[in-house]
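Below, chain A partners chain B and then partners chain C, in two separate complexes.
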Partner chain A sequence: MTVAAIPTIALDGLLRSMADDEFVIGFSDSEWTGIAPILEEDVAMSSLAQDELGHATALFGLLGELLGEDPNAIAYDRQPEHYRHCRLLDHARGDWAMTIARRYLYDSADAVRLDALAGGSWAPLSDLVAKLIREERYHLMHVGVWLNRLAHHDGEARTRLLVALRELRPDAATVFTPLPHEDTLIEAGILEAPMSELERRWRETIGPVFADLDLPMPPAATELDRGRLDHREAFRWLWGEFTSVRRSEPGATW
Partner chain B sequence: MPAAAELEAWEVFRQEKDGDPMRHGGSVMAPDAELATHYARELFGRRQESVRLWVVRRGDILDLADPDLLQPPLDRSYKKPGGYVMRDKLAAAREISGGSKPRARSSRRTTST
Partner chain C sequence: MTAVAAPGLSSASVREALSEVADPEIPVVSIIDLGMVEQITVGANAIHVVLLPTFVGCPALDVIRSAVETRLLEFDRPLDVRFTYRVPWTSERITPEGREKLRRSGFAPPARARHDAPILVQLSAPVRCPSCGSNRTVLESAFGPTQCRAIYYCAACRQPFEAFKPI
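Moving on, here comes the complex of A and B:
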């Protein structure tokens, strides 16, 4: 299917939400570089963060091609309120349990979203998604190991995990914020099912894991239509960090 | 599960491409086999530099460093090929067979079949 056959605005909404999600979680997790619990985990988490930035690069590349814009400008030159990542990724880095809880909630949701895009009719995206799925599989394995460890160790580890989940749970479902023009994407065969259905599938996937670990399931999102808007102060701070170099010399070629 | 897992050393062997021998890459510290595998992947495979990894708990390796077994005190030079000069014998053998160098001989065999 050619791009011309699909309203650009529908694809824009989809690509922007995915690219911003990957971009923001990549930068958030890169904050562990140099200070992760042990050296090996430092390398692992930094590598995961780099993977996410690589995914964002590919998705911003598709979006740039679609809009005829510079992908770097899309990634770095927007004001914080114009980013469309989900509010789950709006929390400050916090401690290690916070990072693991956030990453598990996001990666498990992202996996369901990617599955719903893998057989899509727009080859540039479905081809990319097939590659992303292969990398995200490892991410989910890695964060799953950690979720298990923290949940199983009674005492400080489990307590911190529960505190992190308490903060994140209300925002967990925002990954599945309905996209603008979602119906168009489904009619065009790009997206297999609406976000509400993907959320149901996600709950089905993580339900047994949370039950097994005796962790509270995330509730339904309260303001689902605003799940990718109204970014918090923690994101404004992160935005200031990740745009600081580019803003230091506007227009420079790096 | 224990309250706090102790880190231990795991040795990592890597294969660069199919058919290559497994070579020692280095080691990682990890509390269990699962994380050891993950860390091996990150430290020795994240740049696509390996097609296979072996991860071995250092404590499971049979360590042999006994000098009586490996560095015995008496002269062992007679077990080494150093004193045995092959050059003249090889030249004579080539003279008889009409060949020149082993490489040339094998290439002739390839073209004749």
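Moving on, here comes the complex of A and C:
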């Protein structure tokens, strides 16, 4: 299917949400570079960050082509309130348990979303998604091992994990915030099912994991329509960091 | 890999030239060894080369594209070098020669990539130590100094080593 056949606004909403998610979590991961609790994790989080920023670059590339805009301008030159990542990624870095909890919730949700885009009718995206799925499996595996480790460790590790999950509860399902013009994407065969259905699938996937680890399942989201809006102060801080060099010399060629 | 030739210049010559383009991160292997060259088309007016990124976020892609363009300058034709995701690169594309070159330079070649098996199962499959050949090795971390490598430890020769990830 050609781009011309699909309303740009529908693709824009989809690509922007995915690109911003990967961009923001990539920068959050990179906050651990140099300060992770063990050397292997320092390397792992840096590698994850590199993967996610690479995924964001590819997605911003598709968006830039669609809109005829510079992908770097889309990535860096928006004000914080114009980013469309999910609120799950709005929390401050926090401790290691927070990082693992957030990443597990995100990676497990992202896997469900990617599955619903694989084999879609718009080849530029479905081709990329096929590749992303292969890479993201490593992320989910890695963070899943850590979730198990923290949950099984009676004492401080488990307590911190529970505290982190409690903080994330209201935003846990925000990856599945309904997209603007979601129906158009489904009719065009780009997205297989509505976000509400993907959220159901996600709960089915993580349900047994949370039950096995005796962790409380995230509740159904309230105000899900604002799940990619109203970004928190912690994101404004992160935005200030990741745009600081770009803003220091507007219009420069790097 | 497919190759389409035009009179005067064969795609085999282009392929031969590309076998000298080294991977920037592991220069002992070429982009041909890694299976990154998906298509070579020698057209009437241009040479078209389609490459596959090993990882989406690989920072070496621009360097590789530019190395390919530089190497093909001698053919004196317009060049069209591009990357595609139409065919996903997998570690299965590394050629037998490429695997052997990796092993000789201290990198264990990737275990068989099985997309139906959990990653942890794949990474836990025995990986032969590239130094002493022992199978008494253990995964230390799925993440290494580059996106495509994991870190193992050999209990026999007591050396850490890197292995290509099955992907």
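Methods note: the second predicted complex is superposed on the first by the 254 of 254 C-alpha atoms of A that agree within 3 Å, B and C clash if a C-alpha of one lies under 4 Å from a C-alpha of the other, contacts with A are read in each partner's own complex, and residues count from 1 in each chain.
Here is the rule we go by: contacts are C-beta pairs under 8 Å (C-beta built on N, C-alpha and C of every residue); 3 or more make two chains touch, one makes a residue touch a chain.
Model, not experiment: these values are computed from the prediction.
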Would you mind checking whether chain B and chain C clash or fit side by side on chain A after the superposition?
clash
Looking at the overlay, what does A:Y138 touch: chain B (first), chain C (second), both, or neither?
both
In the overlaid three-chain picture, which partner chain does A:A58 touch, first (chain B) or second (chain C), both, or neither?
second
Check whether A:A44 is in contact with chain B, with chain C, with both or with neither, and answer first, second, both or neither.
both
Comparing chain C with chain B, which touches more residues belonging to chain A?
C
Which holds for A:A130: it touches chain B only (first), chain C only (second), both, or neither?
second
Superposition on A: which chain C stretch among 8-16, 44-52, 80-88 or 98-106 collides with chain B?
98-106
Chain A residues touched by both chain B and chain C?
40, 43-44, 47, 138, 141-142, 145
Of all residues in chain A, those that touch chain B in their complex
38-41, 43-44, 47, 138, 141-142, 145, 149, 152-155
Help me check something: in the complex, which residues belonging to chain A touch chain C?
40, 43-44, 47-48, 50-55, 57-58, 123, 127-128, 130-132, 134-135, 137-138, 141-142, 145
Can you list the residues on chain B that touch chain A in the complex?
1, 3-5, 7, 28-30, 34-35, 38-39, 41-43, 46
Given the complex, residues on chain C that touch chain A span 53, 55-59, 84-86, 88-90, 115, 118-120, 140-145, 147, 151, 165, 167
